[in-house]
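What follows is a single structure, and I will ask about it in a moment.
Labels for the chains are A, B, C, D, E and F, by order of writing; each one numbers its residues from 1.
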Amino acid sequence: MPTVHVTRKVHFNAAHRLHNPEKSEAWNEEMFGPCSNPNWHGHNYVLEVTVAGEPDPETGYVVDLGALKSVLNERVVDRVDHKNLNLEVDFMDGVIPSTENFAIEIWDQLEGHLPSGQLHRVRLYETPRNFVEYYGDGSSS
Amino acid sequence: MPTVHVTRKVHFNAAHRLHNPEKSEAWNEEMFGPCSNPNWHGHNYVLEVTVAGEPDPETGYVVDLGALKSVLNERVVDRVDHKNLNLEVDFMDGVIPSTENFAIEIWDQLEGHLPSGQLHRVRLYETPRNFVEYYGDGSSS
Amino acid sequence: MPTVHVTRKVHFNAAHRLHNPEKSEAWNEEMFGPCSNPNWHGHNYVLEVTVAGEPDPETGYVVDLGALKSVLNERVVDRVDHKNLNLEVDFMDGVIPSTENFAIEIWDQLEGHLPSGQLHRVRLYETPRNFVEYYGDGSSS
Amino acid sequence: MPTVHVTRKVHFNAAHRLHNPEKSEAWNEEMFGPCSNPNWHGHNYVLEVTVAGEPDPETGYVVDLGALKSVLNERVVDRVDHKNLNLEVDFMDGVIPSTENFAIEIWDQLEGHLPSGQLHRVRLYETPRNFVEYYGDGSSS
Amino acid sequence: MPTVHVTRKVHFNAAHRLHNPEKSEAWNEEMFGPCSNPNWHGHNYVLEVTVAGEPDPETGYVVDLGALKSVLNERVVDRVDHKNLNLEVDFMDGVIPSTENFAIEIWDQLEGHLPSGQLHRVRLYETPRNFVEYYGDGSSS
Amino acid sequence: MPTVHVTRKVHFNAAHRLHNPEKSEAWNEEMFGPCSNPNWHGHNYVLEVTVAGEPDPETGYVVDLGALKSVLNERVVDRVDHKNLNLEVDFMDGVIPSTENFAIEIWDQLEGHLPSGQLHRVRLYETPRNFVEYYGDGSSS
């Protein structure tokens, strides 16, 4: 049976600050510049989650997009939307909230929780000009 | 010689209904919800077809995009645009018109009919928020 | 106090057919071509509703976008999403579902029902390449 | 001579919180919900500034877009990008940072500072789904 | 009867150079910078043409979009697509091809040639970040 | 440590002509049609460069996007923006400027010059409807 990749796009916004608490403010300022502003800044994030699998012969679905959307909301969007990524998101605790790290943590929140299919890719846009993609530890694009 | 992937985007619109005729209306209603509305609904589909190959030294082309567009129109767009996918499209006959199944059938209509290069990927957007990708039976992303 | 225009974008999809039931099938076929396909076709519509007013000094809002979204859903989206515009939408009864006519009817469903402010414009995209704008009977752009 | 409207789009991101300091936290929480999160949230703003005027016969320009971009950067973008709108932006001091109020204040920063032409409209997207337009006190769309 | 505005989007690409032949090369270089490169540069233009009118009671159309597209192609797109605006486009002869001037000339090519309705606005994107709007000599936005 | 792919989008515009100087004008005209117009045409190109690597534990970055942007500007954008690809770009000398060939040459300009990480993919849009992807000689998607 053929494998198809299905992607669902969702969005949220959040405040954050790039900041390594083990380093001095001067180091953070030099390394991150305005992205380390102690008064925060924020983004409209766009998250695209891709699930791989064989379409179910009875439905034609790799994954029910309504069920997938519910998982994305419960596991990710509801926990980060209108939140401060440094202060309020448990799964980002102790993690520098770069887009790279955020995508990895989102993967970990989703893996094993999909209604069907295999998690294939997390693509996260921080702005329309910058995005990251994560395929899990053992895979590559 | 290097391999380059070339993608052409086209669009069309169509009506459809997610419906498994071997199941009861109640099963379809429960499984597909409003997507199974017997009075139909529809979408503006966006189709991106990717062809892989080495650029021809005389033209710099992997594939002539004008010739590719003609194939996409003849083999796909002209047969589905402003049509009902359940009732009027021969290559969808007997297929539940999920985006997954539709992408697989589009692949089968295109493979072996390209002006040059190898069919690499069919990406099909049902809405700007949902899309599927198909790489053929033996490949993966 | 200054007037500001606030716009909220929502989306839905629907099936329709351009068809004037007072005319012959031949007339409809000649006038509307594939848009009159008796087996229907459909679109992902994008609706942008603009409200004009003075920001409330206590909130800075012309209109609460959450309340506006609720009105858009109740008065429009929930009644047309995944529906057949010719057969199932009461406020389109007896109306040829061109984008022009559809926008006028959406205006009539919204006027007088906004949480605050004045309805200024209904912009309706049938495809990313075609859209209409309606400003109500007495106004113009 | 004909009047032409010229628009330049720029972008920035910022943190903010909808909060009326003259009201209780309970009032703010009820009125603004998650938009009033004391830990902030943020957006990728898109700003479109429209200038009206007659094209200069020697250049064909209503306004030199390079000079306009410099004004937009100096007067707005450099003062708000990667900033907290409630805490760090002098021209937002004492203003509830709704998109409506923010657009009015941006107008006031730009009017009288354009290289040529008349400021016609400030359009500000807070998200791709929500935007406001401001035409100055005495005008309308 | 209500007035509705209908917009059709088309696209083309062209080469051009901002250059006033009555001025010296030094003047052009200083005024236009890289936009005056004697070896040309180019753009993917997007043209949005808006027509105002009352929907025809028999069709629901302000203007038949297929007929409008034909006029846009014949009067504009076919004469500028893949062309050099300074050298090869008769209606741009003697005109500095700024976006402002180009929009005015496009208006003049279209006015009086529409299938139905009144020409209301020509919106021309030179890039996704810069666009101009022209409403004809006697009107304004 | 996990591998993440980071993409930065930049844009520029240029003139070009598809033309093989070893062939006759008639051959070029037949092969390339209007794309071979001796008076040139042009495009707004969009370039997406993807870098693969492990996030640095101290910064969370695979690559500093500011440093990456500087490299993209110095190595590519500043050398092609507002230029004629056939006449003025040294790294395109002797290369037919198809999108395929252009992407390969951009890869060669970037490889070995990144601030950190491995160059993974060059994606180049010639128009919003056509793009190519290049993964280097030895890799594939």
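The criterion applied here is as follows: a contact is a pair of C-beta atoms (placed from the backbone, for glycine too) under 8 Å apart; a residue touches a chain by one contact, two chains touch by 3 or more.
Bear in mind that the values here come from a model prediction, so they are computed numbers and not experimental data.
Colleague: If you average the Cα atoms per chain, which one ends up farthest from chain C?
Modeller: Of all the other chains, the one whose centre lies farthest from chain C is F.
Colleague: Copy of B-C's interface among D-E, A-F or E-F, judged by over half the contact pairs being the same?
Modeller: E-F
Colleague: With chain centres taken as the means of their Cα atoms, state the distance from chain A to chain D in Å.
Modeller: Measuring from centre to centre gives 29 Å for this pair.
Colleague: Find every residue in chain B that makes contact with two or more other chains and list them.
Modeller: 128, 141 - these are the residues of chain B that touch more than one other chain.
Colleague: According to the definition of touch, which chains form touching pairs?
Modeller: A-B, A-D, A-F, B-C, B-F, C-D, C-E, D-E, E-F
Colleague: Which residues of chain E touch chain F in the complex?
Modeller: Touch list, chain E to chain F: 11, 13-16, 34-35, 37, 39-44, 81-84, 87-88, 127-128.
Colleague: So in the complex, the part of chain A that touches chain F is made up of which residues?
Modeller: Residue positions touching the partner: 18, 20, 23, 31-33, 95-101, 103-104, 128-137, 140-141.
Colleague: Could you list, by residue number, the parts of chain B that touch chain F in their complex?
Modeller: 2-10, 50, 52, 55, 58-62, 65-66, 120-121, 141
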